[in-house]
Each structure stands twice: as structure tokens, then as C-alpha cells.
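Down below are the structures I want you to see.
Paired with chain B in one complex and with chain C in the other, chain A is shared by the two complexes that follow.
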Partner chain A sequence: MNSLLARFPVRLLIGLAAPALLIGWWQWQASAHIVSFAPPAAVGSALVEMLRSGDLLRDTLSTLARAFTGLAIGAPLGVALGIAMGIWKPVDRVLGPLLHALRQVPMIGWLPLMGLWFGVGEGTELIVVSMSAFFPSMLNSHAGVAEVERRYLEVGSILRFGTVQRIRFILLPAAMPLVLTGITQALAFAWIATIGTELLTGAGSGLGVAMGQAQMQQRLDVMLVVIGATAALGFVINHLFRRLRRSALRWQPSLP
Partner chain B sequence: MASRAADFPVAGGAGAGFRFRLPPVGAVVPLVALLMAWQIACLTGLFPPQVLVPPSGVARALVDMTQSGELQRHVGDSLFRLTVGFAIGAVAGMAFGAVIALSRLAEAALSPLFMTLWQVPVIAFVPMMVMFLGIDEPFKLAVVAIAAFFPMALATFDGIRGVPRNWFEVAKVYRLRLPQLIRRILLPATVPAVLTGLRVSLTRAWVVLVAAELLAADSGIGQMMEMGRQLFQIDVVLAGVMVSGLIGFLLDRGARWVESRATRWRAA
Partner chain C sequence: MTPYPHAREDRLSAKTGRGELIVSDLNKSFTINGQPRRILDNINLTVRPGEFVSIVGASGCGKSTLLRLIVGLDTEYSGELRLDGERIATTSLDRGIVFQDHRLFPWMTLEQNIELALLNTDTPRARRAQIVADHIALVNLKGFEKAYPHQLSGGMAQRAAIARALVTEPRLLLLDEPLGALDALTRVHVQSELQRIWMAQRSTMVMVTHDVEEALYLGDRVIVMSPNPGRIRRIVEVDLPHPRDRRSPLLHRLKDEILAELTSGADADGDAGNLVHLPSREAR
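Up next, the complex of A and B:
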């Protein structure tokens, strides 16, 4: 049995069995005329329709733009603040408790408050996405600097490093892996927050907005196309970032 | 995190000596200072009350809602959904993770579908679930259950796969039956990973529940905030932010406490 499972075609066949069963069940449900249960074939035609009209491309691009703009705002702030908190303890003492308190609130839970302050629109969406990117970058960068190995610091003190040299040659390189981990996490969080805020506010265009509209129009086929696009994009982005992280850390001999 | 940072003499150079944990007072002072600055900013009219309510106003809203029983109802409903949905999702996730970890056939058959679905943020399933389940209680329980299911299944899978092979060989030597194998070897060996999975999925479930309540609910913390927004009751919204943050914090801390208690034997 196990030797049979080691062969790729066999694995592929077995792996496809569960999705095939699922699609078969779905076809059966759809043909039993259950309301709003579009048959599997309808998803294909919805995909073609959405590709042809350009809706899918527009929604995808604006979701990507929102997620990466949020990342571009939140992650550098988080990295800078996290490193500053790791290097200068007074900064940590003053800001740490506040940031850790703010962090406890589910990010999407900020939406009503931000909606009241800035109106329910694209600005609010971007703020919440940026906040979602901020916290993982901040926490990981802080940990990266704060948990630098003692012996590195000892070498620095033997070489009589000044503050700038210690930061430049010891703390920053040592913190790099965790900083990049933080940014990778920030990307994942920003991506989820983008879909969530788009879905909840319904402002502008984007995959989340399209999902919300599909729900209101009871278009299961459109919804599944959008969910599929979300999954594929999330997978590709995470994969790309992991490769980027690995190539940025080539110089590190042993990396998990 | 802050206490770990204090273990290293980073700021003062290698000669600065050790510093141990920050005293709790030190952590509280900046927060109190912030609350005071917030109160003063509101009292001096820097922010009009339509924009920012002072901490005293938020406290009053909390007291009022407690006296009318409204707050208890929202918190109770949210926690009930969290408990039931989480229990369903976590148990199902554990069972699923155990099955695909123990059987190569089950893994080959189910893990591709599982891994594909796992790429989708749980929140993206919300509109589809609203279509099928409506916006009532089953929908919210299902959202929480799904949010808990995935991390739980992965943690259980990793935990069981991480059990050293020779432990199974020992079990074979002792001719342990399956129930015994599970009770004597698998359970103790996988407890740490499963507890970490429980903590992660608990906090995720809470986040997703608040989002689902914001979208569609007649009660719960999320709905309380959303109603506050629609009625321009900024004190209610701020109270909701605080309560949801506090609940998230307590869930995380509680799970960490259980985790450290239950895995104490490993250090010995």
C-alpha cells in the first residue's frame, strides 16, 4: 500500500478523488433545483464572462493595490518602531504598553470606529489594512533586535563599538531574519484584512466588494470565481515572499 | 516580549548590567498617562465630543450598558457563539488532523483539498455561508468552527507526525492496542502542539467572530459596535473596542496559562 502511495500518479488520482466527489455532490444538489445553487459548469462560464468584461482584472488589481499600499505604509512604520523599541528601552517603556493594548483588539474590530472618524470609504479600508501590516512587523522586529545573541554584543564591546556601530554591524544584521519574517506575516495579515474590510465596507472596487455583491445577488458562480481568485493570489504572493526572504537571507548559513 | 527585551543590556552596552522584568507599575504608568492626556484633550475641547469621547464618557457608557443588562447580553451572546463554534471546530479539526497524520491513504486523499481550502482566508467564506445559512445563529457558529478547524487540524497533524518513530516501535513491542496507543503515547506526545494549536485557533476564532458579527448579527460585541457606528454613538463604539480587546487579551492569556501548566512536565 505504502509503496503504491509513493508513486506520483497514484497520489494524484487519490488526491483528486475528494474534490471530484465534492463536485459530483454539488452537481447533484444543483440539478435538484435548490435555489441559488449554481451548477459547477456555471462557474466556468462566470469566469469567462468576468474575464471578458474585465471586472475580475479590475477587482484583482484594486485589491492588490490596496493590500500593497497598506503594507507599504504599515510595515516600514512597524519595522522602524520595533527596531527603535528594541534599541532604546525608554521608547519601549513609553510605547510598548500602549501598542500591546491596541494589539489586543481584533483588527477588523477597528472598522466601526474608523468608519465614524473617517467615513466608510477607501481611506478607512486603507487605515485598517495598514494597521494589520503594522503589528506583525513591529512585534517581530522588536523581538529580532531584543533577542540578539549576547555573544555578538560581547564581541562588539571587545571591539569598543560605539552605539552607531553596534546598531549598524550587530543589531540590524542579527535582527534581519525576524524582520523579514515580520514583513511576510504582515503581508498575510494585510491580505486578509484587505478582503475583510472590502467585504464589510463595500466601498470602491475589489475582490471583497465583488464577493459582497455576489452574496446580495445570490450569484454562487460569481462568488466561487472570486474565492478562487483570492485563494490563488494569496498562494502566489505568499510563495513569492518566501522566496524573496530566502534570497535576502542567503548569507545566513543555517536557516530554518 | 518586553520582559525578554529587558534581559539583554542592549541600550546601555555590555557594561550596563542585567535588568530583569519590568515591574508592573512601569507598564501601567504610560497607559495611565495616556488616559489622562486623552481626558484632558477632551475636556479642553481639543476634540469635540462627536469625534472623541473622554475615558470617563466611555466608562459611563460601560456602566450604563451594564446596568441595563445590554452589555452582558452582547458579551454573553458572543462568548456563547465562540464556545460552541470553537468546540465543534476544534474537535473536528483535531479528529481530521489525527486521521490524516495516522493514515497515509487518508493523507493522500484529503490533504490536497484541505491545503487548497486553507489558502482561502476564512473571512472570504463568510458571504457564501450567509447565502446558504442565512445570518442567524448557525452561520455564526459555522464561521467560528471553520476558523478553529484549520489551525487545529494542522497543529494536530504536525504534533502527531512529530512523534519519534521509535516510540511507535516501543508500542509495537509492548503490543499496545489502538486505544492504549492513543492514550499512552499519542496524547501525551502531542499535547504541546495541540495546545499551541488551540491557542492560535481560539484567537483566530474570536477575530473572525467579531468580523462576522459586524457584517450580520442581531447581538454580540461586533453588532454592538456596528450599531454604535450607525447611530453615531462614539462612546458605545469605543466601549466595544475596549471590551473586544479585553476579551481577546484574556483568551490569549488564559490559553497561554493552560499551555504552560499542561506542559510543565516536559521541563522535568
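Up next, the complex of A and C:
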């Protein structure tokens, strides 16, 4: 029974059941005129129109580029600092309290300040997205290194590892599961922050920008297309990354 | 049988020492609940170069603590520990250990784990792969080179840990219940392997075990320890040449003697919680 449920086509069918129900409900709502709702058919034609004009592609690419640039800046910095804090206590003592205080501010909360400093535009958006990717990477990497089991460090001592060897052969690999968890979270946070900042700043192109414009133009159909695209893309990216993580952690008996 | 992989003589001649361990007036305390507590009390012991010494004693009498001191992981003690005249102050590639748990790195394959032990040795890079392969064969793990530790059984992982400790050819090898996790059959087999390896290599070995039979089969001497605080209660000479026959009457007589010693100790201290548990009893 369980093996049947685990088969890919079966899993796909089960996974699609809830979205199908949602669409059915939506069709019924739209035809019953209870709230203002675009029927699926209208959304479908908006999708075709947006695909044809290239708007959807352009917005999607802008958002992807922004999210991944932010991730590429924030995650490595976070991983490096988190690991440094885990290895060298003084780094943690000096920077830890500041960073833990700063992360209490929701990322969107930085937008007004950054806007004042750097103007509303690409720079500000990138800073906020990078920060969103930075914190989860930093926190998880720190925990990963700090929680390395002592018994493995003792083996390193027996084998006369120097600092670099200890980091390379024990601390980093032992911390890797949590480092990758941090990066997975960073990815999700960067994605959310990207859409959020786009929506709030409304500058250039992007899925968030398109959402804002659709609201102003009262284009419910366009809005639903963009929401659908955001959800689907986020899902696919997250799924791909989880598979990457799994293959990087082959050595683990089972994954949480 | 696999002959011992590579000649040891070149290394031995390069080194001054041959693996003589001297423990004198060793005392060790731990602070438990704010109170200092004596764990090892006035331990005196000389292990001759190339000798195999077994240590038996009740659980908690300080056997692992003693090995940790000798290997240099714990340096807070009073008294003296010397290997070939040199005071032990930290870890060294001259002293290897097989821990009670195998401690292979889970993120590396069996092969990588063993090769990593050679990282800081002067073994030429070109020869390392061969040496690693020889040692994997030595502990009968051929075919599992690319396996991760979680894909090995407990006994296989323990044998891999033995290979990792042997590959650096330490002058002194410490073994902390290395076969504790093995089933009776594998255990007998690995004991013979261990004896064969030791005879070929002739490095000094000190092995802690709960199995009196095992202690006698392998040891030139058996150190019997008593708990609270850990002391050497008796040293039993096993005057039999290697390789040994398990059925030797001498071994059986000595076994009965040591068992009597261990159990009478528990009675005398009136500490039932420290009764020695002897896996060999179930194993037979």
C-alpha cells in the first residue's frame, strides 16, 4: 500500500487533487457572483495573453534574477560568518548580539530606511533580499558548527589535524546538513522578500511589480496569473533544491 | 591469510623508541557535582615494548579514563606517563586508539576514513592507496571500500576503526573494548585476526575488555582493576606462547581465578551496582 502511494504518478495525482478542488470551488464562486472573482476561463485567457506579449516571461526572469542575485550575495556571507562564529568564540561574542537583535526586524521593515539611503530601486531591493538570505544561512551554519560532536573532534586530535584540516575534514562536513538547511530557508526567504519588495517599491519589472499594477488596474485575472506563477515557481525551485541537498548528503542514514 | 601489509622495520629503525609505556604514581580526579572525586588511584604499570596487555575491571572503574590519559586526550593528571622515556603531554601519531564507539566519520566512505588517518604521516602519497587497500583486506572488509559507515554493521564498523588505528603504525595501540559490539562468532574471529596482526607487527598494545577469556587469549599479562577509586588489584602473567590455543587448561584456570577475583571484589565493596558484567558468559 505504502509503496503504491510512493509511486511518482500516484503521488502526482494525489498532489494535484487539492489544487483541482480549489479550481472547482473557484469556478463555482465565480459563476455564483458572491465576491468579485475572475472565472478560470478569464484567467486562462489572461495567461495566454501575458505569455504571448512576453510580459510574464520578462517579469518572471526579473524576479528570478533578483532572488538569485540576493541569494548569491547573502547566503555565502551568512554561511561564512555563521561558520566563523561557530569556530571562533570571540567572533560570536562580538557580532552575535548585534546580529540577533537585527534579525528581529522583519526584512520588509528595512525598506523605508534603505529607500531613504539608496533611493527606491534595484540597489535597495537587492540589499533587502540579500539580508533575507543572509540570516537563515548564518543562524543554521552557526548551529551546525557549534553542535559538532566532540568525539569526532577527538579523532581529529588523535590524527594530529591542524586548524585547517579540522575545519575541512570535520567541522564543515559535520555542519553540512544544517548549512544546507540554512540555504534552503534562505532560498524561501529570498523569494518572499523579492516579491515583497517588488510589490512595495513597484520599480522596474518583476512578478511583485505586476501584482501591484494589476491591483491598480483592477485586473483580477492578471493578478491570479501572477500569484499562480509565483506559487508554482517557488514550489519548483524549492523542490529542486531539496533534491540537490539530498544528493549532497548521501552519507546520511536518513533525512529529516 | 593476508601477510602484514608493509614492513615496519624501516620505521622502527628511524625512531628511537620501541613502544615502552611507563605509568607511575598516576592519579586522576574528576569534579562531579562540585566535588572532586578520585577516579584513578596510584596506578603503576610498565608495559614492555611489543607486549600485549589486557585490562579487565568493573564498569566505571576508570579503564577508559586511563586510556584517554595515555593517548593524550586528557592531560589533567598527577604522576607520570612516559612512552619511550618521553613524557606524554598531548596526542601523537605514535599512539593510536580504537574507541569504545567506532567514531568513523559518517560523511566519508570506509576508504576515505582510513586514508584520512595517513594525512599527517610521512607516508608517500603514491603508496597511500595501496596501504589503505591492504589494511581493508587485513580486517576482511574488501568490497566495502566505498560504503558509508551507516551502511556497515556494528562489527564491520568496529573492524574498520581497527584498520584506521593500525594504518598509522603507532608504536603503542590502545583498544577500548574494540570487540564489545560483536557477536560471539565474529568476535572469536576478530580476536584471532588481532592476535595475528599483533604478532606480525609487534607494536605494543593495551586492550580494555569485559571479556576475561578474550583478555587471557590475547594478553601477555592481564591487569585486573577494582573500582571506587580505580586501582590495580592484581596483575596476572599469562605464560603461554602465541599463537594460543583457546582450549589451553592454563587459560581456563586463570579465567576462573580472575572471575573469582572480580566477583569477590564486588562483594567486599558491598557495591552491587558495580558488579562486573561479563559478556563472555552469555557468549559461550
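Criterion: the second predicted complex is superposed on the first by the 217 of 256 C-alpha atoms of A that agree within 3 Å, B and C clash if a C-alpha of one lies under 4 Å from a C-alpha of the other, contacts with A are read in each partner's own complex, and residues count from 1 in each chain.
The rule is short, and it goes like this: a contact is a pair of C-beta atoms (placed from the backbone, for glycine too) under 8 Å apart; a residue touches a chain by one contact, two chains touch by 3 or more.
The model shown is predicted, which means the values in this text are computed figures rather than measured ones.
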Open item on the list: Quick check on the superposed pair: does A:F169 touch chain B, chain C, both, or neither? Answer first, second, both or neither.
Closed with: second
Open item on the list: Once chain A of both complexes is superposed, is A:S157 in touch with chain B (first), chain C (second), both, or neither?
Closed with: both
Open item on the list: Contacts for A:R250 in the overlay, against chain B (first) and chain C (second): which applies, first, second, both or neither?
Closed with: second
Open item on the list: With both complexes overlaid on chain A, does A:L116 touch chain B (first), chain C (second), both or neither?
Closed with: first
Task: Greater chain A contact set [chain C / chain B] - done: B
Open item on the list: For A:A101 in the superposed arrangement: first (chain B), second (chain C), both or neither?
Closed with: first
Task: chain B and chain C contact sites that coincide on chain A, given as residue numbers - done: 154, 157
- [ ] Provide the residue numbers of chain B that touch chain A in the complex, in ascending order.
- [x] 1-2, 4-6, 8-11, 13-15, 22, 26-28, 30-31, 34, 51, 104-105, 108-113, 116-117, 119-121, 123-128, 130-132, 206-207, 210-211, 214-215, 221-222, 225-226, 228-229, 232, 234, 237-238, 240-242, 244-246, 248-249, 252
Task: chain C to chain A touching residues, read off their complex - done: 71-73, 91-93, 96-97, 99, 101, 103, 105-108, 116-117, 119-120, 148, 150, 168
- [ ] Note which residues of chain A are touching chain B in the complex, please.
- [x] 1-2, 5, 10-11, 14-19, 22, 36, 85-89, 92-98, 100-102, 104-113, 115-117, 139, 142-143, 145-148, 150, 153-154, 156-157, 163, 166, 171, 191-192, 195-196, 199-200, 208, 211-212, 214-215, 218, 220, 223-224, 226-227, 230-232, 234-235
TODO: Show which residues of chain A lie in contact with chain C when the two form their complex.
DONE: 151-152, 154-155, 157-162, 165, 169-170, 173-174, 176, 250-253
